[in-house]
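Look for chain A in each of the two complexes below; its partner is chain B in the first and chain C in the second.
Let's look at the complex of A and B:
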């Protein structure tokens, strides 16, 4: 008993302020060591889990804390992550804002613009936390979210400006006058956002890397009307499994026309022409010879 | 005496010089000429400081660049000693040269030691002095005064503004006492005099922390130019200093106080908004533009500086979401709440910084970047709010520093949350450690910035460990021994008792009756034969306590009591100081005393037992660290993975440097003599990790001894020492006059072609033999043999 009391003493030091006493039923941890506190993000009032079970299990009910008339649902209750419920609430709000306002530094042209953006986000969050024109801000957020979504889709599929992408244009910093005056005061605008450029459309895959393998000089036919060929077709050596006469013809033809694309004169002309590299090399050598001191003659002996 | 090294004239303030001092100076000069870092080991008591100072001062005065010397030492008393040496040296130089050189040498220490303000100086704690001083000297306080408000100012500080800023104190060397006296006479503040005169000094002497601790270094040592010569004296523990300067422990108490501090800040901001909103607006505007205030660059009363941020980041603007004061305060609140939540765990957590940041972002949406600016933003806010009672915000500052560190470094750090103090505790008392695992991080800016850094100490073996651990390259690495005419110290390794059972402090055996009795017998025997003082070192307080109580039962203490007075070191500094004083008194009159202390305690570092205060030192057991500590384990793992230093190597190295420090306590000069006993069988394998100068005296016949053999050797040694002996005997061999020195230089020139690598020449100069690569391949660089694993098993739990 005394040991437990000691432990309770140690623990109560930690949470001395509003302690281990449930504000609803006034039972303390001293009597119920497994007590757990829960909150509902609708009003952030703390109560013990027995109270939650007792009051809300059977259906929605009013918050038992005096002066709070919010209707709470059982499934909304959860354990608080933080001891300080103010912070808990703040974090919840941030979660909501961050889901929408998730621009990165790379999305902005300058660091300054990014910092301004961060400050604006912070202002919005603060408005929500301190309940300063909360509804308007909420509305703005919702609309911004929708716009963001539209922009995300627009970036992938189509580029022509629709009604929704027109507002995106507003957000991108190129602010057309006409758009600006319809409802600009209810929307966010951030300076210095980079224009989003859709990646160029990818060409279909070409395994030959642009090289044409179609034959230019001949057309392979299904059958050739030559008697040695007809004879060969009935030759058992060519009838074994896996051997194809078609392949045989194709190879014979390819070898016959093999050198047709090569023009020896061109090659000779190319060989006689001094190559670019050689020219550069001699220039360097000349420069080195003039400066004199830098020539490194590697004498193995 | 005056002599030349190459073409450099050196004035040495004594008529005779030790060969190793000369060699030491040659190596120093080589390093300075080449530019680069060096590691030098020279035994304590051979005049390291004076050789260092006289060479570097000679170097400064001879060459036109006049490179500045920054001499860093460990303790206050060492700094004072160095200042006194420097003063004597400059006096000698003036006398030799016939004129006073234009020269300034200053020491810097905390405000507590240098304060003259009649009420502030009476404060006991250093932080209170700092805080009160700031409240009397800060820039905004002065502005207030000028505006006609009634605020108190420090006269001593104000008087400084009346003087020429570059000539606050006349040239010369100023010891701390001298500074205080001069300050009192001229009514000027010694602390700020020293701080402001630093750019105009030739020699600056201060503690490591002013250069290594990034929180202070940025403020104090910023303006030092690149070509400074930096010396770290007594640097055998430098890696630990580096690590401590970047490690932070947070407890629940700190967090609670930090929350209080944040709430205070919040209130102050609200106040200021209603009264003086313009100031906040100004700060905001400055932050928006990313300008660091011009006065910030040279700000001696700054609240704190940024811990080791890369310079490019420092010039960047503060992120937008913490630009406004109220946003920043909320940000801090969130971060502290997160830490509180995090500390509620019931099992130990070890996270790397990226893991920690990820979790943090998931829960609180705090990004890495604003976190990184936390410390800087807090400084700026505190300055704007003109807070004077800064000590209240100390915990908050710690949290901010933690935030900045965690967000700045990805590797080399680990976050360990320990919910319980010990394995058996049931009441949680969580601690969050941010431990720096890499000693190189803190010292890196020093090595990068200055192009000659000299790391020196009496015990630095094995020399190549330091460059590896601190990640730098050396141009010179040298270990010196003591040139002795007669063998004046006797190291011995005792590994068994008279009953042939082993002596060891291994965990499995340390509580065996026989082992404890053998340790006791060893103590009795040496107390019997030693005249005057005996110093005994144990691996830990815990073991010392247990063995003392065991000895009480065996009546060992009663026997010791017949010969010596017994004194014990305790963790309490004042008790230990009293014990030391009694010890000294007992040694001065009477049969002497025995001091039982701990190898990592205060006595083992920095307290000298010269001459009759210490004739015998007993090292009972290998002083390993407590290997079960999670922090140590993490560091070992890091060392293995990053620097390829094996766990066993590092533990053994660390144990041996502490053992060497303990042994070095009794020999404080060439006239001194003493017996050094290493009592543990495990020392046999670790001989090669001792400093070269101890190894030199440790021959085959003084290892693997039993107690009675050791007693015999010790008696013979003491008899030899009692033979009358004059200093004249060592002339020419272990102490040179000018003629002998010049003779040596000529000889060396003649040997020129074989250079210093000539073994005979090296021995003459007191250089240690060059380590040869061992042929048998089984031996690694520390000389530990194949049975290292067995060793490792031994040490797994020592020091419990």
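Let's look at the complex of A and C:
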């Protein structure tokens, strides 16, 4: 972290100058206007893209900055978003922590619990940024990630108990291990976390909405021994996909007995005859005809 | 919740909006006739008064023109000159009914002229009957309405034909506009209920089942009998109600079923559609009634399989079927078939003169406001042209609004590309 010194206020001018000269090959932007600086998040040392191509294109190599000696991969190089690389690093760390520690306020029972959780997140973040207890913190983060993964899988396995992958995850004992670690490392557990509830199982779809059509007067037979029926069965026009002879018979029979036991004389006389009212249409249409001129109803007298 | 066939039928618009008791039908027709009569008289009186006023005004100006009332609006009031002094002689409800019946028969002829399939014609006839339940022929002439209804029926029964093609076949004086103009009025009159439940497919199902019965393969409800017992009973059915039961070979009975089916179908197609049966009975009852007319013992046996004769419903249903059958068999066309030829011709001629007289009478009592449906239709449209031009203020307002929209569109999408721009100036 040779650049850390650059954070001091007085050195800002120097850094600007510095920013135009590659620390590895010392070539200047003055000579090469298309020069671009890249960093690798493993060590955050700046170097120009020509150097990156030259040193790392052929495979992993050591960081050329004196005293660093970290092995860097070509894949990891990118342009820095922030000029201050310290900020760049902090943002990266926060991104990583937020990806793992992503509980929301809704996941907690009280606001207090959520705030305690945020406190822990912040602690982990700062430990990583300031390199305090780095190994322990990293381990904690990994463990938490594993627990969360197991939880997610548990939810899946509740919904689809036949899924073998979920079984495997459970059988491997990720959850118990995590719980054991929990016991050992008390500052890891979060208070007031709500229990995960699997969504209720959806009922199978019923296209009839609970209604059941029970024929009273007929039974649909598999075959009918009528000449036109036999003729239709061999007719290519009736053999195309989606056309069902059975369906035709079903419809015909339904029509044959639709209203078989409906006595209009009784039923219509019994009901309060709104249909005989000459004011055509529904009440809404009538109201619209009265209120607005643009509804052009031809009054039936 | 369980639903049977009857519940399904009860949910149809035909049952909900277009089923009536006989008394209701009569009341409705009387009421419509009365209202139409009042309206026609009022409108004719108003127009006459106006014309008289115009004549006086013209006289005072001093023009030498003869006062005869055949001015600009003369074309709109048929025979206004002839009966300018007398009261309008309006149709009665019974006469209106006769005219509608007559035009139902003409619908059949119109359908065969276009060679439309049966269901188009039947649907058109039912539409016509429904329409004239809430409208009077005096208001909208049956001829114009029938033309449009037939065209609409082709669309509804998926037998599409282009309007221009249809108008071409309809006669020399028929334009596409005159066919399309009353569409909206008709749709309103039909209350947007376009589903007509015909008994044609139903009778096919009944025929199908009877053939199964005679083959001994019937599986439906049979009053506790097995398929073989049903078959045995069917083979022993008497040919006539009074005739003794004789066992007949299977082949003969099957032929008899086919014959009954053919007769009943013919009755349904040619006569039942022309009656009020669709208003008064359900399609199931209509086809059974037609079948009852065709072969009574067979139909009664079939019925007894479906409903045990001991149940109270059976007697009631049979009563309904018989009344429906008598409605069908009392139709002129049905009774005609059993008459000797010269008697039939005589009656037919009598009927024709009667109809001719009524149509002539209708000509003299039409509502002058509703004669020109094309013009009425145009007046209802958005850019209605009154006289020569649109009302000036309205036209101006519309032009401003249109320009506003264009400007808005240009602000967002940019102005339209000029023709020169595409070529490259």
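Going forward, the second predicted complex is superposed on the first by the 160 of 301 C-alpha atoms of A that agree within 3 Å, B and C clash if a C-alpha of one lies under 4 Å from a C-alpha of the other, contacts with A are read in each partner's own complex, and residues count from 1 in each chain.
Here is the rule we use: a residue touches a chain if its C-beta (ideal position, glycine included) is under 8 Å from a C-beta of that chain, and two chains touch if they have at least 3 such contacts.
None of these values were measured; they are calculated from a predicted model.
In the superposed pair of complexes, A:197 makes contact with neither chain B nor chain C. In the superposition on chain A, contact of A:268 is made with chain C only, not with chain B. Touch criterion met: A:258 reaches chain C, while chain B stays clear of it.
Judged by the touch definition given at the top, the superposed model places A:81 against chain B, while chain C stays out of reach. Once the two complexes are overlaid on the shared chain, A:111 sits against chain B while remaining clear of chain C. When the two structures are aligned on the shared chain, A:119 is found in touch with chain B, with no touch to chain C. Legend: residue contacts after superposition of the two complexes on their common chain; A:225 is shown touching chain C, with no touch to chain B. More residues of chain A lie in contact with C than with the other chain of the pair chain B and chain C. By the touch criterion stated above, A:91 is placed in contact with chain B alone, chain C being left untouched. By the document's definition of touching, neither partner reaches A:69: not chain B, not chain C. Counting contacts by the rule stated earlier, no residue of chain A appears in both its interface with chain B and its interface with chain C. Those residues of chain B whose C-beta lies close enough to touch chain A in the complex are 252, 288, 290, 316-321, 323-324, 326-327, 330, 333-334, 337-338, 340-341, 363-365, 426-428. Those residues of chain C that touch chain A in the shared complex are 1-6, 8-10, 12, 15-24, 27-28, 31-32, 35-36, 39, 134-135, 184-185, 188-189, 191, 197, 199, 201-209, 211-212, 215, 217, 219-221, 280-285, 287, 306-307, 313, 316-317, 320, 380. Of all the residues in chain A, the ones that touch chain C in their complex are 210-219, 221, 224-226, 229, 249, 251-265, 267-269, 273, 275-276, 278, 280-281, 296-298, 300-301. Remark: chain A residues 6-7, 10, 14, 81-84, 87, 90-91, 94-95, 98, 111-112, 114-122, 126 touch chain B in the complex.
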